[in-house]
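The same subunit A turns up in both complexes below, where it pairs with subunit B and then with subunit C.
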Partner chain A sequence: MATFGSLALVLALALAAYNLFAGTIALRLLATGHPARISPERLADTARRAGIAGFYAVTAAAFALVWSVFTNDFSITYILEHSNRALPAAYKFAALWSGQEGSLLLWAWLLGTYGFVLRLMHKTDVKLYAYAGTILAGIQVFFLAVLNFAAPPFSLFRGAIPPDGNGLNPLLQYPEMVIHPPMLYLGYVGFSVPFAFALGALMMRYPGEKWIRITRSWTMVTWLFLTVGIFLGMHWAYAVLGWGGYWGWDPVENASFMPWLTGTAFLHSVMMQEKKGMMKSWNVWLIFSTFLLTMLGTLLTRAGLVSSVHAFAQSSIGSWFVTFMCIVAAVCIFTYVLQRSHLKTEHQLESLVSRESSFLFNNLVLLTACFVILWGTLFPILSEYVQGTKVTVGAPWYNKVAVPVGLFLLFLTGVGPLLPWRATSLRSIRRNFVIPVIALWAMVVVCLVAGVRPWTDGAFDAGNFYALVAFALAAGVLTAILSEFLRGAGVISRQTHRNILSATWLLTRRNTRRYGGYIVHIGVVVIVIGLAGAAFNRNQEQELALHDKLVIGPYSLEQVGATQDTNPNYDSDYALLDVYKNGKKLFQMAPEKRVYAASGQPQTMVAIHSLPTWDLYVVYEGTNPGTGQPIIKAFLNPLVSWIWAGLVIIVFGTLVALVPNLSSATAAPRVAARSTVPEPVLKGGD
Partner chain B sequence: MGAFRSPGIWMKTAQAAVLAVCMCFTLGASDASTRFDRLSHRLMCTCGCAQLLGECDHYGCPDRGQEAQELNAGIAAGSADQEIFDSFVARYGATVLAAPTTHGFDLVAWIAPFLVLAAGLLGTVLLVRRWKTNPAVAQTAAAASDPAAIDPAAKALREQIRRETDFDGGAGL
Partner chain C sequence: MTQSLGLILGALLALVLFVYTFWPENAFASQREKTRLDFLQERKEQLYENLRDLNFEFRAGKYPEEDFVAQRSQLENETAQLMAEIELLQQG
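Moving on to the complex of A and B:
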């Protein structure tokens, strides 16, 4: 199977290379109109077909690796290092992306899949798709070259083959890890598609904004995958790492967050291009940057540039990624300089206080947030270069620098939808802002009364202050969004005599993108409320003898015994804790400690009792070697479940935004009016 | 009542008020466990787990216990925060601090993000103002508002955009 997999990878590389070179020659011939022995259209079609065949070849390679995991083929070094016989089937599948080589193969396979779908849909716009397909082939050549020459997943183990493998890292043996990395990769890799369309459209001086409408769904789906991937990672960190938090500002976490921020900025600013023909250069650079940031994230994870709990071991592929990023940046800059006259804006801003300028400020703050995270991630390297000593840029720095930027962004989330396009009158501001501002200040009063005050024991408390601001802004933003729904629904209700719920449903169906977007904003507000709860986290660590009690918040945890379990993969120790509130027993919690057979590594499995108000989060930290008693650490984390609820709302809102509008009567003339490109023909002239 | 008119009494009252306010702001600051919690979240565990000392929880950590002991000793000895940090840096190196300091080159880490945000905001405001005052833009806007200069398809499109985006027309209707 190793030979089959290796051959499949070589074949995939050859096909991707053919796709790239034949596609480039065909598009060049079409652009210049030079006569050639072969028809450029036919050459371009052979390139497209090579791309499709390349997908099958990469799929075969991925299948070979998965097959080898399931058949315990420990003659392959990768399988030996990342699997073992007793590993459950779901985690054997996860072994595909648990190491350097396998995860690169997953990347190549996902890129091949995206490319496959794109090439099948080429009739939408043959020429634009030919450009995009060729650019994707260029990216695929890079990944397949790395897989063939720098990080081969099918390299054979030298020496006597051990009877069993080293097993999967215990941290990765958790349900989220079966789905978190593929989601994240779907997001990372997916941004290659809008990047390829943007670069292709710029290369061919594509008229109009149709390429944006073609890529809209791709971009939104990709963004959704990345969002879900990031939050699954947060949930994994929360449930597995056992420190009571979900985001540690680790460089690898940051690496996934940066393209999310620029991708979010792109999703907003691209509306300006669609509706107003503005910010064309900005949008092109946003998507270029997003793609480059996905590459930077991959580089940070794999090259050992920064220390991280997530990062793969240091390897030689860092130089490959740096070279590739330099080539991509050079191609982007060259194309932009050559074609920038094509990106002239059609309109300018007419007012500093308008929907357009709110998009501009929203983009500015999103990019500042991205800069903050990039700066924090790379500052240790810069510091070492400048002053010879490395420094740590950890959570305290991010909390002081990134949180204010995030709150400013939340403020804009509320303000933006209330501003009309073009210009805003004072009367309009008064009318639209009065209720949200009242809600905001009412929340300030409620919080102060409830004890959320920006000082503790007389001293200023930054955490409480930020929480207060976050709750107040959340109230204002939520009111602003809901008033938007009610305003529109009220008009429909009056016109059609429907009740307000039915009118809201119809309103959303008529402009799914806009109102789906608002639902996403509601999700963001709910998440911010959940994040703000972290200011009030409490924890208590205690060694518990039998019937000893640990008190945290309103709960009392009594140690009532311990139990053990074993299976071929790991041995477990459980501490059994009865949870009381007001003297009444509510339930039992059983935090677990595992020791994995293959690696001998210990791992905690947290017990979580989740409520809308807070999570009771209990960790079995181990036993005191002197007394043999379990050491229990309990956390009371307010509002954490709001974070996961917010994600569900975001997913729902994005899906709503992806649904076509209800009224085809209004959609059809719009497309007809904007479509200026004859299709589907592959012709020259650009 | 007459006594309250005396400047000495006013001075004493003011001093007492200032003292009371100062006490309010320093209440709890000397509490050892609160201080340990606060300082341990400004120091890193040095075992390589990349976690804050106050959050490091992995089983069998070789360094957490030793660092926590040193921190407790520093607090018990009444050392100032900076003295404790200095002793940690001397022993473990600068990477033991969870955030850059606020002097020397480290200060750049703190100010650069806010400078970038301020420059961005200023640049955006200036850009919008320039666009507003640019005669070419005014002409574009004038041409855009001239119904005769717009072809019917574009006009229909504009109307639709206005319908879908204008508040007064009802959102999305």
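Moving on to the complex of A and C:
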């Protein structure tokens, strides 16, 4: 299978190169109108079909690698290093992305898949799709060149082939690891598509903003994958790493978060371009930056530039990525400079208090957050380069900036939808903001009464203060969003005599993008509530002899014994803990410690009892070598389940936003054409 | 799988994909150049949508009457100019 896989990769590279070469010539011929021996349309079509054929070739290579994992072909070095015979089937799939070569192949395959779908849909707008397909081919050439020359996944093991492999990294042997990396990669790779469309539209001076409508679903689906990937990673870190948290500002976590921030900014500001013809240059640079940040993320994860618990595969492909990123940046800058006259705005910002300005502030806040995280992530590399010593920045540094920035963003989430387009009068502000502001202050009072106070023993407590602000803003924003639904549903209800629930359903169906977006915002609010709970985390570590008790919050954990289990893949030790509350036994928890047979590496499996109010999170840290007694660390983490619930709401909201509208809203426009045209009202389209 | 079988399968795959890519096809898709008129028609649809949104938000009670009238007038003015240019291009 190694020979077949290697041949398939060479073939895929040849096809991608042809797609890029023939596509570029065809588009050049079409743009200049120069006569040629072959019709440019025919040439462009062969380029398109080479792209489709390239997808089949990469699929064949990926299939060859998966086949080799399942047949335990340890003659392939990659399989030897990332799998073993006793590895369960699901984790054999995970072996595909657990190493550098495999994950690059997954990148290429996903890009091929996106390109395949795009090329099948080319009749939507033949020329625009030809540009986008050619740009995607350029990206694919890079990945396939790396796979063929720098990180070949089918290289053969030299010497006597061992009877069994080294096994999969134990950190990756967790159910979420079967879906988290593909989700993240779908998000990373997916941003290549809106990038290709944006760059293509700029290259061809695409008349109008229809390309945004064409790419809208691509961008939303990509954003959704990246969001789900990030949250699955958070849940994995929470359940596997055993430190009681879910986000540690690790460089690789940051690498996935940065394109998410710019991608989110793009999703918002692109609406301004579509509706008002504004922020065209800004949007182009947002999507360029997002694509470059996905490349940076892959570089950080794969090239070993930074130390991270997530950087599973490290090597020297960094120079390939840096070169490629420089080429992409140069192409983007060159195209922008050449075509910037095409990006003139059609309207100016009229007021600082308007829907437009809220989008602008939203973008500025997201970009500020992105820049801060980028600076913190690259600081160790820069400090080492400048001073010779690696200076790392920790979670407190990020939190100091990210928490206020995040809260301001939450504030804008509530304010934006309530502001009218163009400008806002004082009367309008009063009309729209009274109820959310009342809800906000009511929540402040409730929190103060419940003991969430920004001071403890007379001293300022930043954690409590931010939690109080978060809860208050959450109440205000939630009220603002619900009032948007109720007002809209009220209009439909009056028009159609439906009840309010049915009217809300119809309202959402009529403008899925807007109301799906609001549902996503509700998910964000729920997540912020969950994150704010971290201000009240507690933990307790104790060595427990038989029938000793550890007390945390309202719970008492009694050590009632230990047990062991074994299977071909790993051996497990469990500590058995009975959990009591108010003297009554509720349930038993069994935190686990594993040792994997193939690698000999230990791994912690946390026991979590999750409730809407808090998570009881118990780690078996091992035994005291002196006494042989288990050491248990317990955490009481309030509101963590709200974070995962918020993700479910975000997924639902995005899916709603992806559904086409049922029909346009009512109210027909009443516009008559003017008799004279002093000058063209709109720029562009020429 | 032996090396020779891998080679044969690889060659077969190359042949199939080569034929697929370069098979003479006469029914390939093409499109006419997008004109300014097409662009203006798209913008007209967008302006109509903006007007519908404005009307709906007014009915939902988000705008005081005077704000609504001012905004509607601006949008209608913009749409009217655009439609005039469309008519001019259609006549020409």
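Here, the second predicted complex is superposed on the first by the 656 of 686 C-alpha atoms of A that agree within 3 Å, B and C clash if a C-alpha of one lies under 4 Å from a C-alpha of the other, contacts with A are read in each partner's own complex, and residues count from 1 in each chain.
One rule holds in what follows: a contact is a pair of C-beta atoms (placed from the backbone, for glycine too) under 8 Å apart; a residue touches a chain by one contact, two chains touch by 3 or more.
All of these numbers come straight from a predicted model, not from anything done at the bench.
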With the two structures laid over each other on chain A, which partner does A:275 touch: subunit B (first), subunit C (second), both, or neither? both
For A:488, decide between first (touching subunit B), second (touching subunit C), both and neither. both
Quick one: classify A:127 as touching subunit B (first), subunit C (second), both or neither. second
Touching A:584, do we find subunit B (first), subunit C (second), both, or neither? neither
Once chain A of both complexes is superposed, is A:432 in touch with subunit B (first), subunit C (second), both, or neither? both
Just checking: does A:344 make contact with subunit B only, subunit C only, both, or neither of them? Give me first, second, both or neither. neither
Once chain A of both complexes is superposed, is A:242 in touch with subunit B (first), subunit C (second), both, or neither? first
Touch test for A:421: subunit B only (first), subunit C only (second), both, or neither? both
Would you tell me the residues on subunit A in contact with subunit B in one complex that are also in contact with subunit C in the other? 275, 420-421, 428, 432, 487-488, 491, 666, 669-670, 672-674
Can you tell me which positions in subunit A touch subunit B when the two form their complex? 241-245, 248, 250, 275, 307-309, 347-352, 355, 357, 360-361, 364-365, 367-368, 371-372, 375-376, 379-380, 383, 386-387, 389-397, 400-401, 405, 420-421, 428, 432, 456-460, 484, 487-488, 491-492, 507, 510-511, 514-515, 593, 602, 604, 619, 621-622, 633, 666, 669-670, 672-674
Under the stated contact criterion, what part of subunit A meets subunit C in this complex? 1-8, 11, 15, 18, 41-42, 44-46, 49-50, 52-53, 56-57, 60, 122-123, 125-127, 206-210, 274-277, 418, 420-425, 427-428, 431-432, 487-488, 490-491, 664-678, 680-682, 684-686
Complex contact set, residues of subunit B against subunit A: 23-29, 41-42, 44, 48-52, 55-60, 93-101, 104-106, 109-110, 112-114, 116-117, 120-121, 124-125, 127-129, 131-132, 134, 137, 140-141, 144, 153-154, 156-157, 160-162, 164-167, 170-173
Mind listing the subunit C positions that touch subunit A in their complex? 1, 3, 5-7, 9-11, 13-14, 17-18, 20-22, 25, 28-31, 34-36, 38-40, 42-43, 46-57, 59-64, 66-67, 71, 74, 76, 78-88
